[in-house]
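Per-chain residue numbering starts at 1, and chain names A, B, C, D, E and F are given in the order in which the chains are listed.
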Amino acid sequence: MEKLLSIWFASGMYNITFGQFFMIIVGLVLLYLAINKKFEPLLLVPIGFGGILANIPEAGMAFSAVENALHFARPEVVRDLAATLGATSFDPDQLKHIYYDSNASTHAAASLVAQDAGYSNGMLYNFYTIAVASGAAPLLIFMGVGAMTDFGPLLANPRTLFLGAAAQFGIFATVLGAVGLTSLGWMNFSIKEAAAIGIIGGADGPTAIYVSTMLAPHLLGAIAVSAYAYMALVPMVQPPIMRALTTQRERKIVMSQLRHVSKREKIFFPIVLMLLVAMLLPDAAPLLGMFCFGNLMRECGVVDRLSDTAQNALINIVTIFLGLSVGSKLSADKFLDLQTLGILVLGIVAFAVGTAAGVLMAKLMNQMMGGNAINPLIGSAGVSAVPMAARVSNKLGLEANSQNFLLMHAMGPNVAGVIGSAVAAGVMIKFVG
Amino acid sequence: MDELLSEGLSLMVFGMGFVIVFLTLLVIATSAMSRIVMRFEPAPVPKAAAKAKTMSSNPADDAQLIAVMTAAIHKFRNDRKGQ
Amino acid sequence: MEKLLSIWFASGMYNITFGQFFMIIVGLVLLYLAINKKFEPLLLVPIGFGGILANIPEAGMAFSAVENALHFARPEVVRDLAATLGATSFDPDQLKHIYYDSNASTHAAASLVAQDAGYSNGMLYNFYTIAVASGAAPLLIFMGVGAMTDFGPLLANPRTLFLGAAAQFGIFATVLGAVGLTSLGWMNFSIKEAAAIGIIGGADGPTAIYVSTMLAPHLLGAIAVSAYAYMALVPMVQPPIMRALTTQRERKIVMSQLRHVSKREKIFFPIVLMLLVAMLLPDAAPLLGMFCFGNLMRECGVVDRLSDTAQNALINIVTIFLGLSVGSKLSADKFLDLQTLGILVLGIVAFAVGTAAGVLMAKLMNQMMGGNAINPLIGSAGVSAVPMAARVSNKLGLEANSQNFLLMHAMGPNVAGVIGSAVAAGVMIKFVG
Amino acid sequence: MDELLSEGLSLMVFGMGFVIVFLTLLVIATSAMSRIVMRFEPAPVPKAAAKAKTMSSNPADDAQLIAVMTAAIHKFRNDRKGQ
Amino acid sequence: MEKLLSIWFASGMYNITFGQFFMIIVGLVLLYLAINKKFEPLLLVPIGFGGILANIPEAGMAFSAVENALHFARPEVVRDLAATLGATSFDPDQLKHIYYDSNASTHAAASLVAQDAGYSNGMLYNFYTIAVASGAAPLLIFMGVGAMTDFGPLLANPRTLFLGAAAQFGIFATVLGAVGLTSLGWMNFSIKEAAAIGIIGGADGPTAIYVSTMLAPHLLGAIAVSAYAYMALVPMVQPPIMRALTTQRERKIVMSQLRHVSKREKIFFPIVLMLLVAMLLPDAAPLLGMFCFGNLMRECGVVDRLSDTAQNALINIVTIFLGLSVGSKLSADKFLDLQTLGILVLGIVAFAVGTAAGVLMAKLMNQMMGGNAINPLIGSAGVSAVPMAARVSNKLGLEANSQNFLLMHAMGPNVAGVIGSAVAAGVMIKFVG
Amino acid sequence: MDELLSEGLSLMVFGMGFVIVFLTLLVIATSAMSRIVMRFEPAPVPKAAAKAKTMSSNPADDAQLIAVMTAAIHKFRNDRKGQ
């Protein structure tokens, strides 16, 4: 009977909090969006499922050994942890916050105490620590993305890099928005948090995850979810803005065919980019370094087996761990917050502003080049969201003129946007990191 | 609060400025690189494209190929029946 | 000359103990069974080879830095380690046992002392720590197994889940057997050890490894080896039991064809299962969570590249490390023990009892449904040992009636057995963990 | 010792009981889920099966296909020789 | 304005040292050799690119948290680190050297202090620690190489193992050369460093990396680069030596066709080799153990999916990490040294001596067997550099007699050379490790 | 210094000696193993080689096969045109 009761007291049904219940619903909604609506499923399926796992009551899969020890709160363990943390309180919740704020040495000591008491890190916590907190997973995914990226269209028309620059305005406008909301007293974001939120406007998953791991790890869940969700929403968010800012005549502009780009140019490009990063912005070196490395493996033609692995087995493995790890940050106590709402609102603003800035820059360039060289619709592709945004440009071009294939032209700003947001990430890590 | 706002503003100005400067330099560097490469390797290589075509694993082509082959086999069988 | 002698004194031939010699033979036997008899070769080849590597004298590949330091026993190092371990003895063997019994903080400190003295962890020890002790490898293999599992037959006939439940009786009967032998004074198993041994009856490798890592890591080698060996022996162990418990008439029962199962049902099933686990038994959440995640990736149809990787590159990589790690637990001092013999005997009992319970439950269900609905031969498949046990059911069905194809019908209880033993694992971790 | 035995017994009773309860609930939940799904999606989709057939990479089929194709090629060669 | 200046003061252009500039050039040269000259591109592309990343000023990608903290040298952090290191000096450079020389416990403590101050390990440093310093990456590559190696030609003619033994003379002659240069006062190599340099003559990348990780990690960059570069140069280095040491008549010797080797022999060979290693030289057990394990997976025929993964996904993933990690050791302060020059010179000597010793041994064996049994050209393949050296033998054979195909005959000594240098590695680790 | 040199010398002598001894033993062990294996399995298995040939995925073979098939299809089309 005692055992029966103990199983009931340890069951999820008995212990579930409203927050956990709600977050499990959120996880199910993410799975629905990923599976039925095809919202970036490669990330949102693991994130959604990870979110459900993270919120299973009493399982503690997303928690560290210390958090698990404080959750079960056996008095002697709490006492030992309080001593290690140098705290006078014995309240588990307070101790948890003291633990969060303490430094690396204290973390290590507290972790040993919790392990001595028989608690261990949850599996998702381990995945998060190894894959994400170390920064490794986003960098490896960026390497794989580099190995999948063809810079041909960009090299054929390098001026499209300006479009990739302009669209990053969405990032910085959002930072300003976040601090503005804070100034108005509606929200409470630090400059680091504002920067991490802004990067959603980069429309680039691994960059967003990398930056928020560095600047605001507690917001990682909300930032990653909104980055991927809005990337999936690009076909809905961008078209009205693009139509509003362009005339029918502009949308009908047919761009001249792209020149042939030689193999050698493609080999040199990642090296040139890497050297420029090295000379100007070392803080972007990890992100763009791995990206250029992946691209060089792709183009150099002598390490095809490494390039294949980077594009397949390796990126898939890392994606599984990254997704589950990000999902682990969807635990109720970290996600259910007014801040998350602010992040969702600011994220969509970031996408909209970036899209507008890209289109306007394309209009400006078109004016400066005589009015018939650049279809402004390719400007929106500068936000990245590869290759979705380029497809949107193509679709609107076809709507205006059924012979107007913009896809290859839009791929230039599209990959430029990846570079642009990685540079923006470097600047933000440099200034507020 | 005001300080935060000014931090945000300066991050915006310097950040956006830096992004533009960086990508402008990248445009210049890339263009220069392309020009140098093309000087040393003037004619574009149409061979590569041609080769790519023959080795195409385009699904549409494959479907056509399968259709043709199926027809061929079908004809062969009928021939055989007729014998 | 001195050098020549030193090489001789350091050679394997000079140092080999009888135990190591015997365990190398055991490793060779495992390789023989795996290669010539096709006994679960994917696991037994790495386990057997790992067992040989672990028993190479003086190489210390399966030992931690501390164990290696105590093996070579330089006096000043022993003194430092004794101080760190808080021991008064300077006997290396005694210190080793004190080290085994000490807590995580002491382990960390002793490890640094041994490293300071120039000793390092053996490679297999590293693999074991990272892959197995953390729990990661069995969970990742379970994810891959989930991605390989088709729940269609089970969904077409969900009542076969009862067969998967009944067959778990083998697990608990074995636990009782183990404590019984201890009560009789013939063996000496703690309740944790008994539970870990019982799980052999689950006929599911990763579950057995996961549970014994949690409850009795020192028995891991023997438990994993007997789990995989008996899974390979299923075609020999089960048929006599199945024939003894069924009549010729029962074996001839032809089951009605399974209904079509829609894609959508297959997508929902892992989610339903996951939510049920979350509500009822959080301790089974890691195992069944990863299993359901793998299955969802398989069925959802939008992340095929992740599912492919989970079923191939990732599970293969993890299998290599898991096998070598388990093999590292075949070191003589841990394996050569009366306990191992007990485990081998109890393991086969577990399989036999589970088989019988499954068949009897199938007979009962058949009676309750009119006597012609369920062929009792499919009951034995409930022990899991996927897909071997289902093939055994099919084979005996064909023997009785050459038109009686039971394979798909037996796949239902077969995969139900996987779920059943994971639930049993959760219960045991909850109660005695 | 006796205590150990009683622990083992209670683990058996509660453990086996829990397994049965859990799987019974799973039977109920699964059946309910299937019924709901089938209500919203009544007709089974024979298309999928048909499609699977044509795209079959069944080794047996392949072997047959190869045999047929080999024969076709053989005949073609003989035709050619005859010309 | 302040921000503008700060970005300039933090830029690579402002901070680059001559050493870093030079090493970036070295990285570019390695990429050129790898891509244009096809110099072992699978390793030299990642090494070259890793070298560039490691030398990006201020990015600190190749440095530990402690090195990064000492680089930025905030006074309070330096003070704390000095206290932890037990140093009286506050000079960052001096502290760095004290840190390098300190033991594992001090390393762990200093690392926590640096992390407390907000510094973290560079990504390449993490890769190096996990993949290379642990010894895992070279061992896993060796496993993959084992899974790719066909011992058929060697088994058909086991006496070719003597050629693989003789060619290892290059290793030990180089050790003598290195200590000789030191005795002359021209260089300054310890016996450990000399041994690590000698192993370049083994012409086997993972063995060289494994040994230098063990004996002289600070020389890893130079040793790995010269090992792989000279392996690529085998077609240029070996032919003149081979021609000088053989007569035209000898080069024309046509060897009798190799006998058929049964599957069973191929399965037994890795086991026999493993047992011999276990009995004679436990220090070679990790290297040859993983090699034999890979080969057994290949030949046993029952674990093809593991063998495929070991030969593809796994070895490719590990190669990427290994290459980047080795590249991280091309940081200016570690590479630009007179020692590197000495290593480059000694490395080529090692290859030349090994080649000569192999050819001379083949001549000797040919004499002893009547003068017409062994073409001395296959002796040079004993240095390994699989399969390049065997191809060189074949090419020179065809030059002398256009019907003289030596490739399969040369594969015997070629793979024997792999075993030979792994044995030599074990001896050196045993004697000077 | 002298000590270093003598260390190097002895490493050379013992190291090279050990390598030779080890590989000599390996020659002996391997030869013995082969002899034992061949005693139990006397006739070489030409089946395996034959089987390997038919299943060959040799690119050259494939190219030939494709060429033949292309020609077959071509002929088939011409046949059809002629009808």
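In this text, a residue touches a chain if its C-beta (ideal position, glycine included) is under 8 Å from a C-beta of that chain, and two chains touch if they have at least 3 such contacts.
Bear in mind the structure is a predicted one, so any value in this text is a computation, not a measurement.
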Key: Maximum centroid distance from chain A, chain identifier (CA atoms)   = F
Key: Farthest-lying chain, centroid of Cα atoms versus that of chain C   = B
Key: Rounded Å distance, chain E centre to chain F centre (Cα mean)   = 24
Message = Report the inter-centroid distance (CA atoms only) between chain D and chain F in whole Å.
response = 38
Query = In chain C, what residues contact two or more other chains?
reply = 3, 7, 280-281, 313, 427, 431
Touching two or more other chains - residue numbers and ranges from chain B = 14, 18, 69, 72, 76
Query = Quick one: in the complex, what on chain E touches chain B?
reply = 3-4, 7
Message = Could you list, by residue number, the parts of chain B that touch chain E in their complex?
response = 10, 14, 18
List of chain E residues in touch with chain C within their complex = 103-105, 108, 134-136, 139, 143, 267, 271, 274-275, 277-283, 285-286, 289-290, 292-293, 296-297, 300-303, 305-306, 308-310, 313-314, 427, 430-431
Ask   = Taking the complex as given, what residues does chain C use to touch chain E?
value = 3, 7, 10-13, 15-16, 24, 28, 31, 34-35, 38, 41-42, 45-46, 49, 52-53, 56-59, 61, 112-113, 115-116, 122-123, 126, 312-313, 316-317, 319-320, 324
Query = chain A touches which residues of chain B in the complex?
reply = 1-2, 4-5, 7-9, 11-12, 14-16, 18-20, 22-27, 29-31, 33-34, 37-38, 41, 44-45, 48
